[in-house]
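Structures are listed in the sections that come next.
Okay, so chain A shows up in both of these, paired with chain B first and chain C after.
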Partner chain A sequence: MTTAETEQSSKLREQIRQVLNAQAQPTITVLSSLIAVQDSIHYLPDEAIKETATFCGSTINEVWSVASFYTNFRFTEPGDKTLDVCWGPSCHLVGAQQVLDSVHAALEIKEEGESPDGKVTLKYNTCLGACAQGPVIAINHHLIGKQTPESAAKIARELRGQSS
Partner chain B sequence: MADGTTFKIDGRDVVAKPGQTILQAAMDQDIYIPYLCYYPKMKPQGSCRACMVEVEANGRKMMVASCTTPPMPEAEVTTNSEEVEGLRRNVVELLMSEHPHGCLTCHRIELCGPQDICQRHVTVTDRCTICPKNERCELKDTVRAVELDLRTPLNYHRRDLPIHSDDPFYDRDYNLCIVCSRCVRVCDEVRFDTALTLTSRSGVALVGTSHGTSLLESGCEFCGACVDVCPTGSLTERNYKWEKAVSEVATVCTNCPVGCQMIAEVNKFGKVVRFKADLAGAANNGQACMTGKFGYEYTNDSSRLKRPYVREGGILRKATWDEALEKIKSGLGGRSSEELAVITSPRGSNEDQYVAAKFAKSVLKTANIDSALNADNALLSRLEARLGAGAATNPIWDLENSKSLLVVAGNPTEEQNVLAVPAKKAVREGAKLVVIDSRETELTRYATEWLRPKPGSEALLIAGISRVILDEALEDKEFVGSRLDQAEELKQSLWTFDLAKVSRDTGIEDAQIRRAARIFAESDAGAILLGDDGLTDKAAELVVDASIDLAAITGNLGKASGGIFPLYRGANTLGARDMGATPGENGRDIAEMMSGMTSGDVKAALVMADGVSGYSPTLSSLPAALENLDFLVVSAALDSEITHHANVVLPAATYAEQNSSLTNVERRVQLLRITAEPKHEEKTGWETVAAIANAMGGTGFDYATASDVFTEIAQEVSNYSGLNYERLQSGGIQWPVDSSILFSDEASKVTVVALNYDELANSAESGSLTFAPGRVLSQPERDVVVRKPADMNYVDREQFVQVHPDDAKSAGLNEGDVIQVKTDDGHILARGKAVFDSPQVGLVGATTLFGELATKMHELDVADWTPQMPGLGYSTVTLESAPVEQEAGAAAD
Partner chain C sequence: MSTPFEDLQARAAKRWSELTEGESAWIRVGGGTSGQAAGADAVFEAFKSSVESTGVNANVSMVSAMGLMYLEPQVDILMPNGARVYYGNVNADEAKEIVEQHLKEGKPLTDRAYAYSGGDGSGVGNLPELDSMPMVALQKRIATRNFGDTDPHDLLQYVANGGYTALNRALTEMTPEEIVDEVKAAGLRGRGGAAFPAGVKWSFLAPSKAPVKYVLCNCEEGDPGAFNDKGIIENDPHTLVEGLIINGYATRSTHGYVFIRTGHELPIESARKAIAAAYEAGLLGKNILGTDFSFDMEVSLTGDSYVAGEETALMEAIEGKRSTPRFKPPFPAAAGLWQKPTNINNVKTLSYVPEIVRNGSDWFKSIGTETTSGTAIVCLSGHITYPGMYEVPMGMTIREVLEKVGGGVSVGERIKVLQAGGPLNGLLGEDAFDTMIDFDAMSAAGASIGSGGIIVGNETVNVVDLLRSLVAFNQFESCGKCFPCRLGNTHMLEILDRMCQNKAKSADLALLERVGTSMKAGSLCGHGQLGFNPIASALKYFGDEIKSCLAGEIAPGGVFGDGTMILPTRTRP
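Presenting the complex of A and B:
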C-alpha cells in the first residue's frame, strides 16, 4: 500500500471508531453499528466493515452478510448532494416520469446513482409524502414541489455547479 | 426417549437414535430421501425443501422437511407417494431456475459428449459436459433421483459472473451456485472461520466474501471443506479439475501426526486426482487441512525417480537394483558402528520404521538412528517417561467437549490443523481458552486469556498456575487424594513458587495468572495442548513436567475431554518411536547426526527422504551436512537437495503406492492403502531396507508383504500385540488395544514430580532479542490490499514490527521508524514499521497473514511442497533501521 492510501484509510478508520464508540443506546449490534456509520459518513467503506467486525467481535464476512442484506446501505461514496425524485403514483400521474427523464439527462446518468462528476447522487423515491405538491423532488431531503421537467433539470444542473 | 424413537418409514420399522431427524434415521437405514442443503455432520438447515416427506402422526397428516424434523413416536413417514414426489419435483424444479439445467433434465445426459450437436439448443457454456463436476455432481444425481422431467427448459439467466481462479488451490464459479449455503455453513459451524458468507438477499443472494474480496484476507485457511461439501461445480479443486475418477481408496494423510483419514480419488491411469476428507474418519471426523487436501499431488509428478542411480565420476547414472545394492553393500559395509547413521522418513510407515530399526541394530549394529523430524524429541520422550506414552492421552475429538483448553508453545491450527478443529469447536460452544505463547497465532485470537511470557519461561508460568490453584484450593481433591503418587512432594515444591516472583520472571501480571488458573481449574474438563516451539530440550521437559502436574492436580487425566495432547511434527513420529527407530544407547539423534556429519565423525548414512526437505525449519543444515559424508544412500521419491549429495539414489514408492500402517498422535494405528502399484522400479521404505539388509547378509528380512512385517511388529512391540491388518481395516485401532483414554482405570496412579523454582526460572534466557513471528487468518483491524499483478492475488499490506520500548531505545529506534529484524547470519526475517507494543523486554514480534503463506505454497515450484511449510520458529535477532526502499509509491509520497 502506498503511504497516502494508508493515511487516508487510517483517518477513515479513526472516524469510524469514534462513531462506533459513541453509540448511546443500550443494545449495540452489528446492524446498529452499521446504521451509525452510514448516518455519519453516508456510506459503508471497506474500513467500516472491518472496524465494525473488530468492534462487535465478529468477522468481516458476517458483517458483510448483514450489510449487503439491507438495500439501504450503500458501499460507495455518495455524491456531494442527494437529489430524490418521487416516482410514487401521485407524482407519476402528474408527470414524474418526464421530470425523471430530464433529471437523467441533466445528470448524464441513466438510472439511480452518482453523476459522472461525483457531485450529485440521484435516488428514486417511492413517496416523499407531499402528494398534493407533486411532482416532488428533494435536495438533501428538503422538498421542492410542483416541478416541471425544465425546472427539475435546472435544479439538477445547478447542483452540479453548471450554469442553467 | 433415551434409546431412540421407533417409527415407520414407508412401512419399514425404523429406530431413530436420540437427536436424529427423520432424514438422518433414514440415511442410517439406507433409505434414500433427496437432499441438497443438508450434509452429514452439519446442523440441518431446512432451506432447500428437497427432502419433503409426508408424516402421519396422531391422526394428522403433514408435509415436512425431513432434515429438520425429529420423528414422533409411532409416526408413519411416506417418502415415495405420488403427492410427495410431485412436491419434491416442484421444489427441485424451482431450484433449476438458478442453475444451468438444459442437460440435467435431458434424457441423453449419459450419452452426450462435449462435441455433440445439441438438439435442445443448450448453450455450450451451460452444458454439463463442460462442468468440472460432471462425473460426480450431487445436483445431477438428485435431479435424476426425483425424476425431474422438463419438456421445455425453464427460463434461466446465466449470472455471467467472472470465475474466481486467482486465489490458491481452488476455483469458485458462482454461475453454478444453487445457494444451498453448505460451504458457508461448513466454514462457519464446522471450521469456525467464516471465510465465506451469504451476500445480499432474495433472488440475488449468493455466496461470497466481504466486498467480494479475495480469500487471502477473508480468513480462509484453505482447508477445502467447502469444496468437499459443494453439490455443484461451483467449488472445485484447481488441479485435475476436470479429471474423472474411476475408483475411491480410503487411506491416510501423511503430512502431520493427526493422521486424517482421506478418500483418494483415482483415475483410470492410477493417478490420485483428488483427496477429500473421509466423513467416517475417527481422527478427523470428515475434516482436512491445506496440506492434506492439496498436498497429495507429488505422487503423480512426472519427475518422480523411476529407477536406481549410482554416482560414477561425479555423475548419477541409471543403474539396476542389483548394481545399486552391490554399491551400497561396499559403501556401508566394513565400517564401525559409530560412523554409520540411518535417518528415517517422518512419513515412513510403521513397517518402514521397524525394518529400518531392525536393520540398524542387527546389520549395521549402529545406535545412530532417528526420524528426520526427531522421533526422540524431548517433548515426547519426557511424556513417555512420565505417562508411559509419548502421545495424546485422549482421542482428538474428545476436545470438542472440553470446557477449558490450555495451549502452550504450539500452533495447532497450522501444524496439526485438524486437531485444532474440535478445540475451536469447544471454544465456540463456550469453553475458555488459555494460550501461553509469545507469538500471535490463530488461537490467540480466540483466547480468553493470552499469556505472552518471556520466551523460555513457559514452564514457570504453568507452575505458577498450579500454585494459584493450590492457593485458592481449586484442585480436584478427590483425584489428588486417591490417584496421585508423590502429591505431597509436589505441593511442597509449589509453595516455593511465590506468585510475585513468577510474575516478575515470566513478565505476566499476577492477576492474569490467577485468571488463567481459575479458568483451567474451575471447568469440568480441561485439556492441555503442549508444543515445543522455541523451547530448548530442557525447557520442553520442564514444560511437560509442569503440565502433567497441572493436569494431575486438576484431575484432568483419565477423564473424557481432558488429558494432554503433544503437538509434534511428522506423520509417523510416534510410530517411529514405537518401532524403535530412535537413537539407541549412546546413539545420535538427528541433530547430533548432522553435527557428526559436519565434524566427520559420521561417514556414511542411509536417508529415507520422502517428506524430508532441507527447507523445513529444523533441517536447514541437513544438505550441507550430507555433503561431508563418504557414502550416502538416499531413498527418495523426488530429486531434491538431499539426493544431490547421494552416492546411490533409490526410487521410493509414495504413500499412494503401498499398503502399510501409521500411528497418529492419539495412538491410532491406521492403514495406508494402495491406489496403484508403483509404475517403475520404486520400492517402499521397508522393501528398500530389507533389500539392502539381505544384500549385506542380514537375516530375518524375508518379508513378502507389509502385513508380514506387521505380524512381526505385533509380536515384538507390546503395545501392538493383538493387532493385525484385518482388525485395522475399519478405521484403525488405538493402542494399547481398547484404551482410548489413558489412566481411565480408577486404580491407576499418576506420578507427579516436584518442581524446582530455580531450574524452571533458569530455562528462560535473557539478554538477547528473540523474534517470535506470528501468523493469523485475518486481521480486520489492519488494512489489507489484495493486488493482482498477473494471474494470482497477492496480499499487500504494511508490516508492523512489535518491539518493546526499552529494546528500541537501546537500538536507537523511534516508534514509526521502518526497521528490519536481522538474524546473526544476516537473514532479514521481517521489515516494517516499529510499534512499541511488545509486552516483554527482549521480545520482537511481527504478524503475517496465512493467505500470504498459502499463495507462497501454491506457487512453490516443487512437487512435494508440504515439508517446506515454514513454521513459526523463534530466532535470536538484532534490530536496525531499514535502508530506504526504492519503491515507486514511496518516492511519490
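Presenting the complex of A and C:
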C-alpha cells in the first residue's frame, strides 16, 4: 500500500469511527452500525467492516456475514446519484420491464451497477412502496411514479448530465 | 387540579381550533410516499409561495394522504366558513390560480375540484359531497380514521381528534388483564397474515414476571402491492405508537420496537418524530401520564431482506444479525428478542387497539363478519381505475372492492387475475371474485388477505409471466438458510422461465409440483413453506392456460417478444 493510500484509509477510518459513535438510538448493533455508515458514505469499504467489528466487539467474519446478507449494502463506491427502478410484481404488470430496458440503454449498462461515466448507479428494487403510482423509480430514495420507458430514460440521461 | 392528560388535551384543542375555526383558511396537501411519487412536494411548495405572494390569510400544511391515490397530488382547502373543497391531480403550476380564485375571490374552482364537505353547500356548484363518493362511502375507517385530516408530525392534532384517550383510560381505569380481555372479546385477529387472535397472543406474554419484556411492531412490509403498514406509520404514526404503548401496558412489558426497512424515508422519519413527541409529552418514558407505568420505545431499522418480516428473523435483525428464522420452540413469548419474553404484532393490528379500548369490544365486534371482526385495509394497484388504500369492513366481496371502490379495470376490457396478499399467496381468477373478504373465506379460495395488497391484472396479463415475476421475487428474497427454499425457488424460476420462452418440457408441471412439495416440507418458515402457493392457486384458476403454455401453444410470455425477463443477478452468499 502506498503512503497516499494509507493516509486516505486512515482518514476514512476516522470518518467511520465518528459515524459509529454518533448513532443516537439506544440499541446499537452490527446492523445499525452498518446502516449508519452506508447512510453516511454510501458504501461499506473494508475499513467499515473492520471499524464496525472493533466498535461492536465483534469479529470481521461476523460483520461481513451481516453486511453480505442485506442486499442494500454495497462494497464499492457508488455513482454520484442512485437510480432505483422497481421490478416487483405490481410494477411488473404496468410496465416495469420496459422501463428497466430503456434505463439500461440510457445508462449504457445491461444489469445493475454504474454507468460507464460513473455518474449513476442503477439498482433494481423489489418494492419502493408506492404501488398505486407504478411503475415507480427513485432518485436517491426520492420517489417518482407513473413512469414510461421514455420518461425514465430521460431522467436517467439527465442524471448523467446529458441533455435529453 | 387537572391531570397531565387534561392539560395535553387543552393544548390540543387550542391548536385544532386555531387551524379550523380561526379567520385563516387551511390548505392541506396530502403527503405520504405515494403522494411524493405523484409530486406532492412541489405542489406543497407552490401553495406555500402562492399564499405568501398573494397575501391571503391561510395556513398551509403537508398532511396525511387520504388513500385516494389516483387523485394525488391532492389538495383541499378549508374556508373559515367551514366548507372544505377537494382538488385532485393538482399540478404545481395551478397553485397560484387556485389560491387567487378560491381564497382571494372566495370562488372555489368547481370545474377543477372533485368534491366538497362541510359548510352549507353554497358556492360549490355541482360538486358531490366527499362522503357520497363510493370509494369513500363504502369505507369504514378505524385505523385510517385521521387520513387526510391531520399533520402526522403534530401530536396535538392527533390528540385533538381523540388520540391518546384510550391510553389514558387504559392506564387510569383499566388493569392489564382487562385490556387483554377486551382485545380478546373484540375478536381482533393479527393482520400480519397469520390471523392469530391478538388478545390470545398477548395473554401468552402477560403472565411472565421477567423484569425485561419486549413488544415489537412489525413494519417490514416488503410485499410488492402492499403499502398499508408503511401508510399508517407515515400518515398517522401516533395511532401505532398509542397502540404499541397499550400493548406494552397490557402485557406488562418494558420496551417497544418499531421495525422498519431502511430506505423507506417517510415512514422512518414519521415514526421517529412521533416517538420523540410522545416522550416530550410524557406519553413514553418513566411514569407515563403520572401513573406508575414506564415504557420505552425506539425505531429499529433492518436492511433489505423480505424474510426479516418473519417474526423470529425479525428478532435476529433487531439483534443486528442476518435475518434468518429461528427454530420454534422456544416461542417468542418464552424466549424472544435477546432471549427475553416477547410479543410481535403487525402495524395494522396495533393500530386498531386505541379505538377498541376507546369504543369497547362490542363496537369492534359489530363490524365485519362472524369470524373476522373489524376492517381490511386493502391496497389496490395494477390495472385498476382507482388505485389506492381503502379501509373496508370485512365481509365485502372482492368484486365489490374491485368494482365499486376501485372502479373496475383501468385499461383493457376486464379483470382477469388478482394477486392478493403478497407474493407468497395465491393468484385468483374471476371464479373467486365473489369471495368475501374475511380470513377464512379468502383462505378457502386459495388466497389470503395477508398483507392487504391486491394487484389487479387485465386480460392481457400472461399468468405464467406473472408467476415468474412472483417466484423471481421469492427466489431473490430467500434468506438461504433452508436449502429446499433457496434451491427450490431457483429451480421453479428456471422452469417458469423456460415456460415463458416456450421451451418447456413435458415433465415440467410434475417437476414444479415436486419441488413445491419439498419446499413445503423442508423449510423452516413461511417463505419456503408457502412458496408454491402462487403456482398451486394458478393451477386452480388458470389450469388451461398453464397447460397450453407447457404444450407451447401460446405466445411467449414477458414483454420482449422472446419470453425473457430482466432479473437481478445479485445473490445472498
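Just so it is clear, the second predicted complex is superposed on the first by the 164 of 164 C-alpha atoms of A that agree within 3 Å, B and C clash if a C-alpha of one lies under 4 Å from a C-alpha of the other, contacts with A are read in each partner's own complex, and residues count from 1 in each chain.
As a convention for this text, a contact is a pair of C-beta atoms (placed from the backbone, for glycine too) under 8 Å apart; a residue touches a chain by one contact, two chains touch by 3 or more.
In this text, all values refer to a predicted model and were calculated from it rather than measured experimentally.
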Which partner chains sit in contact with A:111 here, chain B, chain C, both or neither? Use first/second/both/neither. second
Let me test your reading of the model: by the given contact rule, A:25 touches which partner, first (chain B), second (chain C), both or neither? second
Of the two partner chains, chain B (first) and chain C (second), which one does A:54 touch, if any: first, second, both, or neither? first
Touch check for A:132: first (chain B), second (chain C), both, or neither? second
What is the contact status of A:98 with respect to chain B (first) and chain C (second): first, second, both, or neither? second
Answer with first, second, both or neither: which of chain B and chain C does A:68 touch in the superposed model? both
Mind working out whether A:9 is in touch with chain B, chain C, both or neither, as first, second, both or neither? first
Hey, is it chain B or chain C that touches more of chain A? C
Which chain A residues are contacted by chain C in one complex and by chain B in the other? 65, 68-69
Going by the contact rule at the top, pick out the chain A residues touching chain B in the complex. 1-6, 9-10, 13, 46-47, 49-51, 53-54, 59-65, 68-69, 75
Contacts from chain C onto chain A in the complex sit at residues 33-34, 36-39, 69-70, 72, 221-227, 230, 257, 262-265, 296, 298-306, 317-323, 379-383, 387-389, 419, 423, 453, 455-457, 461, 466, 469-470, 473, 476-477, 479, 558-560, 565-570, 572-573
Give every residue of chain B touching chain A within the complex, in rising order. 194-201, 208-211, 213, 218-219, 778, 780-781, 783, 785, 796-798, 889-890, 892-893
Can you name the residues of chain A that touch chain C in the complex? 25-27, 29-35, 39, 56, 65-66, 68-73, 86-95, 97-98, 100-101, 104, 111-112, 124, 126-134, 136, 141-146
